[in-house]
Amino acid sequence: MGEAEQDRIETQEYLVNMGPQHPSTHGVLRLLLKLEGEIVHHVDPHIGYIHSGIEKMCESLTYPQIPYLTDRMDYLSAHMNEEAVCLCIENALGVEVPDRVKYIRTIFSELQRLASHQLWWCVMGMDLGALTTFFYGLRDREKILDIFEETCGARLTLHYSIPGGLMFDIHPNFRNRVHEFLNYFREKLPEYDQLLTGNVIFQERTRGIGIFPREAVINYGVTGPSGRASGFSCDVRKHHPYSAYPFVSFQEALDDRCDTLARYKVRIREMWESMSIIEQLIDNIPEGDYQVKLKGVVKLPEGEYFQRVESARGDFGVFIISDGKKSPYRLKFRSPGFSNLSALHAMSKGWKIADLVAIMSSLDLVIPDIDR
Amino acid sequence: MAFSIYDFSSFTQSIHEGLSNRLSPAGTLAVEWVIVGIVILLFVAVFGLFLVYAERKVCAFFQQRLGPMRVGPWGLVQTIADFIKLLMKELIQPARADKFLYNLAPFIVIIVTFLAISVIPFAKGLQAFDFDIGVFFVTSITAVGVIGILLAGWSSNNKYSLIGAMRSGAQIISYELSVGLSLITIVILAGTLQLSGIVEAQRAGWFIYRGHIPAIIAFFVFVIAGTAETNRGPFDLAEAESELTAGFHTEYSGIKFAFFFLAEYVNLFIVSAMATTVFLGGWMPLHFGNLEEFNHVMDLIPPVFWFFIKVFFVIFLIMWFKWTFPRLRIDQILTLEWKFLLPINLFNIILMTVIVLMGWHF
Amino acid sequence: MRAIWKYLSDVLKGIWTLIQGMRVTGHYFFRPWLIVTQQYPENRRKLVMFERFRGEVTMPHNENNEHKCTGCGICEISCPNGSIEIITATVLLPDGKKKRIIDKHIYHLGMCSLCNLCVKNCPSDAIVMAQTFEHAVWDRTQLTKVLNRPGSKIMEGIKE
Amino acid sequence: MSLEDLNTFIQSIEPAAEVVQGKQFPEVMVPDDRLHQLALELKENPSTAMDYLICLTGADFEDHMKVIYHLESTVHNTVLVLKTKTLSRINPVLPTVCDIWQTAEFHEREVFDLLGIRFKGHPDMRRLFLSEEWGFPLRKDYVDEVRIVDR
C-alpha cells in the first residue's frame, strides 16, 4: 500500500469499557480505554464500585474494633494491615509488646506475603492464558490457609493481631505445620519456574513490556515489588524496621530492568526471602506472654500517628489523628494499590491490550485495597 | 449383506446397490445424501459432546482436579446436561446488531465443520466423499470458517467481538500457509492429494516414519498451525478471555453459542484427523518391520479403532499444549508464523523434495 | 552463518523451555492420586474443623440447663457490628435484694463478621465460637438466634 | 539534615513557616499560597530531595480543613510532614502538588471526593469513588440518615 493510499484510510480512536465486570480486572475495577486498533492510547481507571467507607466507619469504632475492618481492605495481606493498625496504636500508647508477639507477628506477615504472592502468581499466569498455574498456586496457598485456620480460626480475615498483642497464642501444632509447609514449598517453587518463568512464550509476553523507570516509580509512589523491580529501594522492612525484622537478615529483592518480567521475578525472589525469614524465626520464638493487657477503654493521647508496614503490595500506611477520645478523629489508610493504580496509565500507554493485562497483573491490584 | 469391521467398502457398496435397485439414480443420490447428512450430524453432535467432556476431564487431571463428577458416573452425562441447558436458554440479540449476519455467523462456522468432516477417511471405505483433491479441499474449507468468526465479530456491535474477530482473521490467514505447506511436504512424498490414496500409500509405513526428519518437522509444524487455526491453546486470541472477555462470541447465548463451542471441538477433531491421516497412517495399524507376530496382533484391531486411537493421541497433545502454555500476543503470533514456521516450512519442503528425488526415504 | 546458528539455537531453546513446562503438567496428569479436590457434601463426615475455627457464637449450657452469662453487656459493647443484643430482667432474690439477670441473649448471625472480640472480652467465658460452618437458611429471620436456652439459669458461683 | 538546618532552609523560602519536631517526624505548617513553591523546592533541592510523597491526607477540623503531606527522601531516608489548611467550607481551594509528585493526582482526587477540597491546577478534578451528587462524607457535618445508623 502506498503512502498516499494509507493516508486516505481514516483511523479512529475508540473507547472500550474494560470492566467493571471483566475477567482480568480482578474485581470491580473499570478501565476506560482509548484504543487505536490494539494499541492503548489512554487508560482512565474508574474506581469506587466497592467503596465501603472504611475510613468513615473507623471514626465511629473504638480502637480495638478497627483491626477487624482492615482485614477486609486488602484481604490478601490481612495480617499486615492489622499489624499496621496495632503497631500504630501501640506506639501511640507507648506500649512495648513482648518479643514473642513480635516474632509471631513477623512470621504471620511473611506467611501472609507468601500466600498473597502465590495467589498473584496463579492469577498472573491465568491473565496470560496459562490456566493451569491458577490451580497449582491455589493448591499451595491452601497449606498456608490451613496454618492460619488452625491458629487464628479464620482463613482470610484473620483478625489475629489486636492492639497489645495477639488474639490467641500460637497453636501447639504451629511449628510443625510451618516446617512441613516450608519443606513442601521448597520443592514446589522450582516448579513455578519450570512452568511459567522459563517458558519462552511467557518471557516474550513480559520482557521489555511496560517499562517504568526509577524516577517515574518514585514520582508515582509505586511501592512494593512493583517499585523494587525498577530499582526503587522502598522496603519498609529494611528502612523502617518494625516487629521482629531487626532480628533477621534478609535481602531486599531489587531489580533494575523495570519491566513486567522484573516485577514478576522480584516477587518470586521475595517468596524465597520470606521462606528464609520464617526459617530464621520459627525455631526461636521466645517464651512469654502473647499479649499485654491494655485498659478496658483504649484512648490514644491527642496527636498524629503514622505507621508504615510492608504489605504484600507495598508501602501500607496508617495515619491516625486522635483527639483523645476512644475512637479516632480521622483515620487514613495509605493503601499501596491506590498509588500503584495511579501509575497504570503511564505504564501501559502505547502498549497493546494484551500487554495492558500483563502490566495490570504485574502490579498485583486488589480492588478493596484501592476502593477502601 | 456382507459386513466386515475391517473393510467398510462392501458395506457401503451393498447399501448403494440396495437403494439403486429400488429407486431411480437421482432418488438414490438424494437418499444417500440424507443418510450421509444424518450420520455426520449425529457424529458431530455425539463426538463434539464427548470431546467437551474429554477436555474437561483432561484439563482437570492436568490441574490436579477431578473435573465433572456429579451428573452420571464420573460426570459422563455432564455435557449432555449442559447442552440441554444451552438449548433452553434465551437467545439474546444485542440492540443495533446486524440481525441477518448475526444469526448467519454460527451456521457458517458449524456448516464448515460438517463439510470438512465429510472427506475424512475413518476406515477403509468409511468416507463420505473421496475427492481426488481431498487435502486441498480440507485446507480450503476450514479457512472458510474464519468468515463465520469475522461475521460474528462484526455483526455483534461489540468492540470486544470486533477485536477478537480481527485477530482471528489475521491469525487464520497467516496460519493457513503453514497448514497448507506442511501438508504439501507430505503430498510430495505421497504423490497424491486424495486422502484415501495417502492412507493407502502408508501401508508400508507411516509417513512420519518414512519421511523421517522433514516429516517429523512437518508434523509438528502442522500441529502448531492446526492449533492456531482452531483458535485453541496458546493461540486462542480470538476469545482471549482475560483480554476480550469472550472475543467474537461475547454476544452469543444459548444454542448459537453452543454452535461456536461445538464447532471449536469438531475443528479440533478435524485437525487431529488430518494429522492422523497424513502423518500417522490414518486407519493403518502400527507395524514394525519384521516382527510378524506383533504385526499380526495389531492387524486384529479394527482400522476404525486405530484411527480413533491416533486421533485421540493428537487431541491429547493439543490439549496438553493448551493447559500448559500462556497465550501469545497478536504480533507474536504473526512473528511466529512469518519468521519461524514459514521459513522452516519452506526449507522443509526443499529438504523433502531432495529426499524424495534422491530416494533417501524409507 | 552465526546468525543462522543463533536462529536455530533460539528455536531449540524455546522448544526446550516449552517441554519443561509440559513436563510439570504431564507429571501431575499421570499421577491422579495427587488430586487435591475435595468433594464437599460427600466428605461431610470426614470434614473436621480446627478447634479454633470461628463458625458462630454459641453459649454452652451444662446438663442442668445452666449457662455462665451474667448479662453484663460487654459483648454487646465490644461488637463492632451491633450483632449482639442483651435483654436483661430484674429478679427479686429470696433475701430481698434485686438482681439483674439475662433474659435474652440475642445474636444476629447475619450481621456477625466473626471477629471474636465478644468471645475474647467476655469476663465469665459464657460465649464461645462453635465450629459449624453451614449457615445457609431459607429465611433470614432464622439467622437471628437467642443464645440462652429457654428456662436456663446462671451457674452457681459466677460473679459479675 | 538536622532540624535546625531544615528550619533555616524552609524559612529561607517561607519565613512564616516553622519546623516543629512532632511525635514522630518533623512537621511544618505552610500557608496555602506558598505551599507549591515550598514543595517544589523541597523536592528539587539536593539537600532535602523529598522525592517520594508517601501519603496525602485531608482532614476536617470543623473550623478549618487540613491537608497533610507525608514526604520521604529516598536519598537521605528522612521523613517530613507538610501541612496546609483552608478556612473556607463552602469553596475550599488549595494548590495542587500533582505536577511535583504525580502520585498526588489520585490522592488529591480522593481528598476532593471525600472532603470537597478543590485543588487548583489539578488536570482532572473529578470525583473518584462516589457519584457527582453525593455529599462529602468525611466532613464532620455530613449526615446520612439512611446509611449511617447511630447506636
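A, B, C and D label the chains in the order they appear, each numbered from 1.
By our rule, contacts are C-beta pairs under 8 Å (C-beta built on N, C-alpha and C of every residue); 3 or more make two chains touch, one makes a residue touch a chain.
Only a predicted model underlies this, so the values are computations on that prediction, with no experimental measurement involved.
Considering every other chain in turn, the ones in contact with both chain B and chain C prove to be A. With every chain reduced to the mean of its CA atoms, the largest distance from chain B is reached by D. Chain centroids computed from C-alpha atoms place A closest to the centre of all protein C-alpha atoms shown.
Each chain gets a centre from the mean of its Cα atoms; for chain A and chain B, those two points are 45 Å apart. Chain centres here are Cα means. That of chain A falls 25 Å from that of chain D.
The mean-CA centres of chain C and chain D are about 42 angstrom from one another, to the nearest whole unit.
Annotation for chain B: residues 62-65, 323-325 touch two or more other chains. Residue positions of chain C with contacts to 2 or more other chains are 18, 21, 24-25, 36. With touch defined as above, residues shared between interfaces to two or more other chains in chain A number as follows: 132, 139, 195-196, 199, 201. Under the contact rule defined at the top, the touching pairs of chains are A-B, A-C, A-D, B-C.
Partner chain A is touched in their complex by these residues of chain D: 22-25, 51-55, 57, 59-60, 68, 70, 74, 77, 81, 101-103, 105-107, 110, 113-114, 128-130, 137-138. In the complex of the two chains, the chain C residues touching chain B come out as 11, 18, 21-22, 24-26, 28-29, 32, 34-37, 39.
Of all residues in chain B, only 58, 61-66, 69, 320-321, 323-325, 340, 344 touch chain C in the complex they form. Here chain A touches chain C in the complex through residues 61, 64-65, 68-69, 72, 132, 139, 142, 149-154, 157, 159, 162, 167-168, 171, 191, 194-196, 198-201, 203, going by the rule given at the top.
Within the complex, the chain A residues that touch chain D are 47-48, 51, 53, 55-56, 91-92, 216, 218-222, 232-234, 239, 303-306, 308, 315, 317, 319, 321, 329-330, 332, 334, 338-339, 341-343, 346, 371.
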